[in-house]
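The following blocks contain the structures, represented as structure tokens.
Below are two complexes that have subunit A in common, paired first with subunit B and then with subunit C.
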Partner chain A sequence: MSEAVARRSPLRHLLQENKLTGVAVGLFGLLVLVALLAPSLVPHDPLATNAAHSVEPPSAQFWFGTDEVGRDVFSRTMVATQLDLGIALSAVAISFAIGSVLGAACGFFGGWLDRITARLVDTLMAFPLFLLAMAIISVLGNSTANVVYATALVNLPFYIRMARAEAAKLRGSGYIEAARLAGMGPAQLLTAHVYPNILPPIMVQISLNLGWAILNAAGLSFIGLGVRPPVAEWGIMVADGASLIVSGAWWVSLFPGVALMLTVLCFNLIGDGLRDVLDPRRVT
Partner chain B sequence: MSAGDMSGALLEITDLSLEFRGRGGTVRALEAVSLSVRAGEMLGLVGESGSGKSVTAYALLRIMDAAAHVTAGQAWFRGTDLLGCDAAAMRGVRGRGIAMIFQNPRAALNPVVPVGRQIMVALRHAGVAGGARAAALALMDRVHIADAARRFEALPLELSGGLCQRIMIALALAARPALLIADEPTTGLDVTTQAVIMDLIAETAREAGMATLLITHDLALAGEQCDRIAVMHAGHVVEIAATAAILEQPRHPYTRRLLASMPQGKMALTELRPIPGGLPDLRASLPPCRYAARCERHAADCDAGPLPRLWQDAHFIACRHP
Partner chain C sequence: MASASLWRYAARRVLLALPALAGVVVVTFVITRMLPGDPALYYAGQVDSFASVDEIRHRMGLDRPLPLQFVAYVDDLAHGDLGQSLSTGQPVGRELIQRLPASFELMASALSLALLIAVPLGVMAATRPGSWIDHACRLIGTAGVSLPTFFTGLLLIYVFYYVAGWAPAPVGRFPSFMRPPPSITGMILIDSLLAGDLDKFQAALGQIALPALTMALFALAPLTRMTRAAMLGVLSSDFVRQARANGAPRLHLLFVTALRNGLLPVVTTLGMIASSMLGANVLVERVFAWPGVGSYALDAMVSLDYAPLQGFVLVMSVVYVLINLGIDILYGVIDPRVRFEA
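Presenting the complex of A and B:
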């Protein structure tokens, strides 16, 4: 009874729980690898146009075919991974950093900070989020950085709400009381006792949110906001190919679309797996 | 702090009165409670549930429900009135001056942080700058946790109740407090573990020259370790004396009944003598002696008050007919 149980590492636990999650984690590793290496490995310059090879179907020379101005779809799809993943990761990192700290403080301390923040969050959530992101970019201007900020801002309410709810649950718990009795001040209570407890559920949120952030970024680019052509980006590429589908050139849109779909699916599967592992009702 | 100075009081509570004001009325939980804890000693605070022993401790550290109001009294601890000082002074007293361990150690530990790390946090808070990990391991050794290096990364759920209580004691020791308040530290542990944990508390307190206020409903438990025992009944302190005097020559009728109700040796269940009646309703208007309704020595002059006094210069008693 007094023996400490040898604990499995969380990652190993995650992979053993669910084979599908293992596949998703593998896919994520592959995505990161592609994002890092693609720019130096792809067979063609993703920006180089070639009028002689306009809208060619997939072949040995152009694996995914070429687009209207003769750029290699394979090279563009691979190179775009870095930009799309980068936008999603930095946007989610910003929302997480601000949202979790602010939410934890609100939930734990309550008071005027909590009341003001709660109203702001309610206001943000009253807008259709994609429209809000569009509006922000229209105001701030068309740039990759602004896509990141807009995506981060529209995701912020979810992090604040979740951190707030989790932190509020801890307020009356025995160990918070005990730590307060040991003379700890508010800041120490937050970092030593509140924050570690709210992280697990937020990890799930992060993973699910990454998929949404990628879709958001691609969606903005698809309608011509945010990342600007000729930069290789999945949303722009799908938009480029959309008009060609009618004439039978399916490959221009399909491959970047599949890349987008696989990435979002990968994040969602990881999120589901994390939720299964971290669900308190399943902890023995 | 010199452990040899047994005469000086480390903590001096005088005339502490506290009430809970709620919709159902006002509960006068403590009335004119006076007691002192001397440097280095272990004082047992004994009484049945609801007698006000834990409330006294919580009032000292000011972690009370919003409904609780201290209506009178002072509590001096090393030059600070705990009941009147500001929040910053209170934070300085908590942990460093007075540490507390609880009835349910597992609930008092953060479930997601490895226990060794929780001790490190407490050490850093107490100002141990470098080598907190080594210091935490040393503390775990000091509370006799075998194989401390392996247990360092364990979560509270992976440890037994006894081990969790040892971790709590290590946490309390981290800031080198002058006074340890142990609120029913062995309730919820099995009997053999109870004895071991009590020995550990007494041993570490002695080593550190730390005074201990042991709150318990178990007179026998207090009798084994404490230097002095204070008996509480319904918010009053009824008797305070050296442990031997309480156990062998109890003066207050309540203490006598409490002793008589303890099971001894091979006793049949039918031989146990429970104390008649229950605690009075603290919301109602009460007679000056709150034990009067249960007391077999009750006399007409008891209504003039329990006449608190020192018997033979050493034995505090609040009863007209001891």
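Presenting the complex of A and C:
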């Protein structure tokens, strides 16, 4: 039995152990497909307004109905996938790239670099995350790029801390000692032996973080920070429908809201599945 | 003797919180100086002619070197001066204090509701691993963190206000046709009880139900998850088995013997939950037109009035540092071992 488990590839193991994770991976594939293809496939122009079709319920012509200025909710929801996924992926990529390298260096070398970074991390963590993101965007100005920077900066401390803790744990381990005795320099040790080995636990963090980053970006645009209307973005679309839902027009908010929810759920399920495989001690 | 060690522990924690507070003040200062818009220009346009912008800048101290400006900023903060809102003309500090009870009432109700549901649910799931309640618990744990608060709020409004008609109009914390009870604590639920006015209490309860539920759903997921995981660990430990063998009654065993130890990791997650609740609060206040500090900051921001936003972020971050301090101290109260660690 244990031999069979050992021989299975990690991905197959992941999918067979937990059916839900398999579903989530499938959903992620679908999302990527939609993000890539939607702009050229949707039936209507996501930005085209049409006063004759204002706030119409779902129909054969408008599958998800229309919003207050007559834009097609289906086309907008699909097209927004690209922007929302893009924001989350780039924000997480930035915090991962900077955070893991800086954290690993801090944990491995220690010293003044570590002390200064620790102070900066503590200061960032003293703020409630979403409010810090709000403040940063109000300084930098409303734009999609600034949402990415703010989200990346707010997440940075988690990557630094995690990479630092893992690297500090590895520093004294036997195989590092052996490589050092074999004549490897510190920079080579860090890049060849420490950095690759801190990555698995960080992968889990990345997946869970992607979900959070999308929620964060959508929340910011919901309150009018960041992505600017009339661009199709899930948070803005939910906000567009907020005043209509009290009078019964549920479709304007519902479809982008559900898309947002499914995407976040997808990342969280993948993260849980990854954790079960990569870090069996923390299975809950 | 135990209390002496607790005091020493608490004092050390307070000292450790000071750098975090200083960091918050420095960062908000930097943010203030980088915010778009020139306050001197604004005042010049309002009060004087354009020719005297330099003079106003001088009067406001904006031409001094940054370190001096920082000293002045800290001095203002020490006097509770957070600047003036350009749109209302009122001091930001006073307006924040007026609106703080509304936000506090909402967050406290939401957190209590979440704890009341999450802790029993987590305990029950841990006692019956693999049962339907355990699966429900795991589902809540994953699905709950995936919910966008602003979207669940709107869904609840649609279902309970528009379709079912059970909830009052989702605007504000008290029906506009009623006179609110005399303000004592600023929290309407408590004030109406103090005034002995049950009608008003019921009206306020109706208004707060949906926003509090929205926020509670958000906090529920991590709480349930942590309670379940912690209780699973504790229930299989030796001292619980010993207590069970000695014939301890089941409920006492679960909720007193085991839960006290299981609570430790739950208390640590409270800090994280506080951070996300302070953020979610802004969104929920926006959805339900709740007149708290979050809506205040957002309303000001729309008219490019940044002093309220900056005061809001500063005050909330200070509150957050204090919450974390409180959690650390609580940790020392629950678990005497941490008091003696270096």
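What we mean here is this: the second predicted complex is superposed on the first by the 272 of 284 C-alpha atoms of A that agree within 3 Å, B and C clash if a C-alpha of one lies under 4 Å from a C-alpha of the other, contacts with A are read in each partner's own complex, and residues count from 1 in each chain.
Here is the rule we use: a residue touches a chain if its C-beta (ideal position, glycine included) is under 8 Å from a C-beta of that chain, and two chains touch if they have at least 3 such contacts.
Here the structure is a predicted model, which means the values were calculated and not measured.
A.B. asks: For A:243 in the superposed arrangement: first (subunit B), second (subunit C), both or neither?
C.D. replies: neither
A.B. asks: Which of the two partners, first being subunit B and second being subunit C, lies in contact with A:182: first, second, both, or neither?
C.D. replies: first
A.B. asks: Once the structures are superposed on A, label A:143 by its partner contacts, choosing first (subunit B), second (subunit C), both or neither.
C.D. replies: Touch partners of A:143: none, neither subunit B nor subunit C.
A.B. asks: Touch check for A:200: first (subunit B), second (subunit C), both, or neither?
C.D. replies: After superposition on chain A, A:200 lies in contact with subunit B alone.
A.B. asks: Could you look at A:127 and tell me whether it touches subunit B, subunit C, both or neither (first, second, both, neither)?
C.D. replies: second
A.B. asks: Identify which of subunit B and subunit C touches the larger number of residues of subunit A.
C.D. replies: After superposing on chain A, more of subunit A is contacted by C.
A.B. asks: Figure out whether A:253 sits in contact with subunit B (first) or subunit C (second), or with both, or with neither.
C.D. replies: The second partner, subunit C, only.
A.B. asks: For A:215, is the partner it touches subunit B (first), subunit C (second), both, or none of the two (neither)?
C.D. replies: A:215: touches subunit C, not subunit B.
A.B. asks: Using the touch definition from the top, say if A:59 reaches subunit B (first), subunit C (second), both or neither.
C.D. replies: After superposing on A, A:59 lies clear of both subunit B and subunit C.
A.B. asks: Residues of subunit A that sit at the subunit B interface in one complex and at the subunit C interface in the other, please.
C.D. replies: none
A.B. asks: Flag every residue of subunit A that touches subunit B in the complex, lowest number first.
C.D. replies: 1-2, 4-5, 7, 173-175, 177-185, 188, 192-193, 196-197, 200
A.B. asks: Can you list the residues on subunit B that touch subunit A in the complex?
C.D. replies: Per the touch definition, subunit B meets subunit A at residues 61, 63, 91-96, 99-100, 102, 104, 107-113, 121-122, 125, 150-151, 153-155, 158-160, 162-163, 168, 171-172, 174-175.
A.B. asks: Spell out the residues on subunit C that touch subunit A in their complex, using ranges where they run on.
C.D. replies: Residue list for subunit C touching subunit A: 19-21, 23-24, 26-28, 31, 34-36, 141-143, 145-151, 154-155, 157-158, 161-162, 169-170, 225, 228-229, 232, 274-276, 278-280, 282-283, 286-287, 298, 301-302, 306, 309-310, 312-313, 316-317, 320-321.
A.B. asks: Quick check on the complex: what are the subunit A residues that touch subunit C?
C.D. replies: 119, 122-123, 126-132, 134-136, 138-139, 141, 211, 215, 218-219, 222-225, 235, 238-239, 241-242, 245-248, 250, 253-254, 257, 260-261, 264-265, 268-269, 272, 284
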